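Heads up, the next two complexes both have subunit A, just with different partners, subunit B and then subunit C.
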Partner chain A sequence: MCLTQKTGEMEQILEVKNLSVLRVEKTESISILNDINFMVKKGEMFCLVGESGSGKTTLALSIIKLLPKSFKIASGEILINGKNILEINEQSMRNIRGKDISIIFQDPSAYLDPLFTIGSHLQESYHGKNENKKELISLALQEVGLDSEVQTVYPHQLSGGQQQRVMIAMALINKPSIIIADEPTTALDVLTTRQVIDLLNAIRLKHNPAIFFITHDLELAMKTGTRIGIMYRGHIVEIFKPGREKPSHPYANILLGTIEGKDTILELNFKKNTMDSKQMQQKCPFFDMCVEKEARCKKTIPFVWCDSETGIRCLKNGRNTQV
Partner chain B sequence: MKKLVLKRLLQLIPMLIGMSFVSFIIIQSSPGDYFAQMKMNPEISPETIESMKVNFGLDRPILVQYLLWLKNMCKLDFGVSFAYHIPVRTLIKFRLKNTICLAIFSLVISWVIALPLAVFAGYREGTFIDKIFSMLAYLSISLPSFFVALLFVYFISKTNLLPLGGTRSIFEVDASSFALFKDYMEHLLVPGLVLCLVNVGGLFRLMKNNFIETFNTPYVLAAWARGVPRNSVIFKHALRNALNPMFTILGMEIGGILNGAALTEIICGWPGMGSLILEAVLSHDLYLVMGSLVISGFLLIVGNLIGDILIAFFDPRIRIS
Partner chain C sequence: MRRLLQRLKNHSRPAYFSLWFLLVFYFVSFFADILAPYHFDQQFRNKPYHPPTKIHFFDSGGNFHIRPFVYNTVIDDPVFKTYKQDYSKIYPLKFFVSGKERRIFFFFKTKRYLFGVDQPAGIFLFGTDNYGRDIFSRLLYGGRISLSISLIGVFISFSLGMITGGIAGYFGGIIDQILMRLVEILMVFPSFYLMLSLRAMFPLNLSSIQVYLLIVMILSLIGWAGLARIIRGMVLSIKEEDYVLAARSLGLPHWKILLFHIFPNTFSYSITAITISVPGYIIGEAALSLLGLGIQEPYPSWGNILSSTIGNLRVLGDAPWLLLAGIFIFVVLINFNLLGDALRNVLDPKNW
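Coming up: the complex of A and B.
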């Protein structure tokens, strides 16, 4: 039922193929991302869910080619609108950033330069022609529900929610085809979180950019995502469509259990994980904690696509299709 | 902003009073005084010395002496130097001018050299060229100023490249002001370069660390992510933020010009405050010591104030709170 090759091309904004990222230290290199495969299509809200340290931010930074110096992309392809950005130079990449792809970060106050006004931030974010700059900036602010007067103000004079709205205004000002949102609501309270999510969704429905939404909150992802990727220790272990099917990877099931209140499974999660990166590449990353493991799980498990949109990295890949 | 300056200037008064009181007590209760040296001189009669003491009010209790001094201070009368027999104010005015010229020269040159190099090296952190600069900076930091000064003096005296000691070699009445200026600058060059050399390494290192730190901040990452051109990221976001802590350093350097330059001035024979204070302390020239202390305290506070004003001016988080 599952295919090793995915079929059916749709409008793919972002496609990541066999991406592996290492962190190079003095004596050794540690595998941070391992054979990542996924794509994000036009206008969809793709949610990436994973626990802290699973490599979500690393993946986001890989996509805009802004990894810290110690990180190296070992292999793979990252296609934005069909162009492999790993093969283009820094100057061309700068033309893509903010224009075709933009990103919103976790803690907005840290990502706004304290010495410059909101207006100055917006102006340098805009890459288009100068004539309609002013109107477009006001329009972008209006779109995120902020007054045009906010331009004269400095970042520290705004609340966290307002700052995040400014980040969103900057992200959408050039009408990018994809917006990456890396845990954009983690630093915000529940109500502001709701507002920011609604805003992102409204923008998606109006301008049709794809949104690559990173979160550690599966419940939130289930509510808002059109597709969900589950990440575990540098691997995407499953991609599924909420509403159409339940995830079937054992780790995804554990995550689902936590939001359904099955605390028996939670204990498993706290068990110390003792695998090092070399072993991790050889066997299933979830091997030590998996309750359903078999002897054959001790070899490399590839990610396989079940259809054009969903896939899994598990030998037990008979997908549960009831809603 | 105005309030900040006013508040700080008002704070200056009790600080200066407290500092001068403590210094006065310490100087006057330390063993020996200027007149003890005079007594060794058989040509001066004990009566003369006694009448001098009365003239200076030094026969009164210490507290009264201090209050008298303070009263005169308020009229900007610093008293008369025992050794020079001229008003302390006149003495200090001449010497202070030289020290300030020296300080401004070395400050400007070392900042103009250190800051751009720091940004250059910080942007290329870990490369060969960065390592070379770091090594030179380390050398500059580890060499003591008196040693560099002695080396310079030795070198100049061997080669006669520049005049040594004093502030002028031209004494003609009809010398043009340009010739006088050039002459003054030539005298200034030796102590000025010594101070530069000692100062530049530390500044470089501070600025480089600031730059690297801001270059790795989230808002710089976000600027890259928005597709901001490289020069804007470096000079607008990273550099501007890296400069902020340097304003405090600048204030501290302005405040410390008397201490910072003293040794160099003495070794290079530059007639600044350094040698004046040293002589005054050694000979117990009370009012000269007190006058110099007040000036140095004043500079310290004003220097820090300048630093604070600059920060408040350039950092909206402080300006608009």
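Coming up: the complex of A and C.
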């Protein structure tokens, strides 16, 4: 049973509809994100998995409307708490950033100003004008497992894991409804990764924000996510629930094969994918590399919702009965 | 502040010494009214080109005096300006002597100076110039003008440079184009001739305070263009840094990002540039005064003390103490450069 786009549920914090982003260059514009559709609900951890260059970070930056100047949102809607942020001006966007959406970045040492103490970082991120600001800051630090004394030190005096905790505390301090975590564990070792993930999960259970977790580590996503979106070359090719069902898109299967130790990856003809962005819009983005491709894959393939939470962009799949 | 000093001390002893040295210099010229034995325009007409006064502890009879003293001097050879000491009477060095009332910065009046001797003897630590004015006193008073011009000038030109460069770099686009073309027009002119022509726009018979302000303005108007360009370049690269993106993702307005995240990160350069450009102002003032366009006599500045020696070759042989102003300029410049170099490292938290 598949349904086309299901919308309008109250608990949806973030909803992205038909989002397309272009990178405008002098002579041509290159499609970076193509017809992205997904939503993140309150209290869930939505993991977005994809290889480098698939557009994960671009998606994260479009959600907070901080794309670099060369990027242009061509079409679509981004709804945060039901408000389309693509239609509001910069001033009101500033009130949303940090307050309703917080973002945690990949490399904390680069994202903390080297001249600012931890305390001033936290003060800066706090939006309200509360008298008990200091208490709130120590509380936020406590929550991420850091000492209150850490406020007086500078970022470079902390380890990577501690810096990431500071970033989380900064994201947390305004009690946002959604936290975007853009590969927060990529720069960290295995144990610290575990701690950061546990921390994010603990926060999710305690304060119930939605977490939009971007990673290239499918294994990590399978363990921690409540839902997983697989991204490939600017398309979300599948959204599934780990544990409940296996992904069925050929690309998702390959990814899954790598963590299950299968050799599928070697059987694939991994020649250079030569499609340009125009061709990509005309046929399945995975067409060149797909082992199960057919003639009918040579046309635009829409993203189809199977139920309210999962969906796929592939014709071969049994669930995709619509086309 | 104390931690900063400690860091400076640990990082570089010479720079730490330079800092104290400069502070002493500023302090001394600030309180020139008390510290100088003579007013800057007080003349000893019978003692031109007087060499530095000898200070004695033993009189001609070989008796020791606990209080140092000087002898009066009389001119020996009026052509070559040589002096001989008159051993008949000793003039002991007196501290906190009273004399003509001087005003310290228009507010406080003082009648007492740190030291002096009774007339007709004179205490000329660094000798006298052609009018018989005490060079030591003039150097202290001149330091007040030369050193404060550099500070005020640096302040004005750096505000201009930081604001222009910061706005141009941060907002980019058409604003950047307009501001940078303006800066380039200013930079096209050779700075020295620009300085001269700016000065030529104003009449020569201005009062000393007007000339002072005019020179400050001229010097800072010339200095800011190069800085603005460099700051713009730095801002261009800093605004692409990840922490700026992070600050924007926190919802900070542009002015806060510019003021708190971008400018402080240019300080590693601009603090050094400030300390290194201070000498430029001292030299610029000296150059204007040297050409007679700067601070006018009888008001002293290090530049016009030096300029009084121009075209007067016998000074080199017979009254070399007149060149002391040059040594003062040189010493201050060296110390500013030392300090600036060290400050750059000390102000970067990564070096702590």
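In this text, the second predicted complex is superposed on the first by the 310 of 323 C-alpha atoms of A that agree within 3 Å, B and C clash if a C-alpha of one lies under 4 Å from a C-alpha of the other, contacts with A are read in each partner's own complex, and residues count from 1 in each chain.
FYI, contacts are C-beta pairs under 8 Å (C-beta built on N, C-alpha and C of every residue); 3 or more make two chains touch, one makes a residue touch a chain.
These numbers come from a predicted model, not from an experiment.
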After aligning the two structures on subunit A, examine subunit B and subunit C and state clash or fit. clash
Touching A:66, do we find subunit B (first), subunit C (second), both, or neither? both
For A:295 in the superposed arrangement: first (subunit B), second (subunit C), both or neither? neither
Looking at A:191 after the superposition, I want to know if it touches subunit B, subunit C, both of them or none. Which is it: first, second, both, neither? neither
Partner chain(s) touched by A:98 [first = subunit B, second = subunit C, both, neither]: both
Per the contact definition in the header, classify A:114: touching subunit B only (first), subunit C only (second), both, or neither. both
Would you indicate which of the stretches 2-10, 20-28 or 56-64 belonging to subunit B has clashing C-alpha atoms with subunit C? 2-10
Both subunit B and subunit C touch subunit A; at which residues? 64, 66, 94-99, 102-103, 105, 107, 110-116, 124-125, 127, 154, 156, 167, 170
What does subunit B use to touch subunit A in their complex? 217-230, 232, 236-237, 240-241, 244, 314-317, 320
In the complex, go through subunit A and note every residue touching subunit C. 64, 66, 93-99, 102-103, 105, 107, 110-116, 124-125, 127, 154, 156, 167, 170
Subunit B partner contacts - residues on subunit A that touch it in the complex: 64, 66, 94-99, 102-103, 105, 107, 110-116, 124-125, 127, 154, 156-157, 167, 170
Partner subunit A, residues of subunit C touching it in the complex: 241-243, 245-253, 260-261, 264-265, 267, 348-350, 352
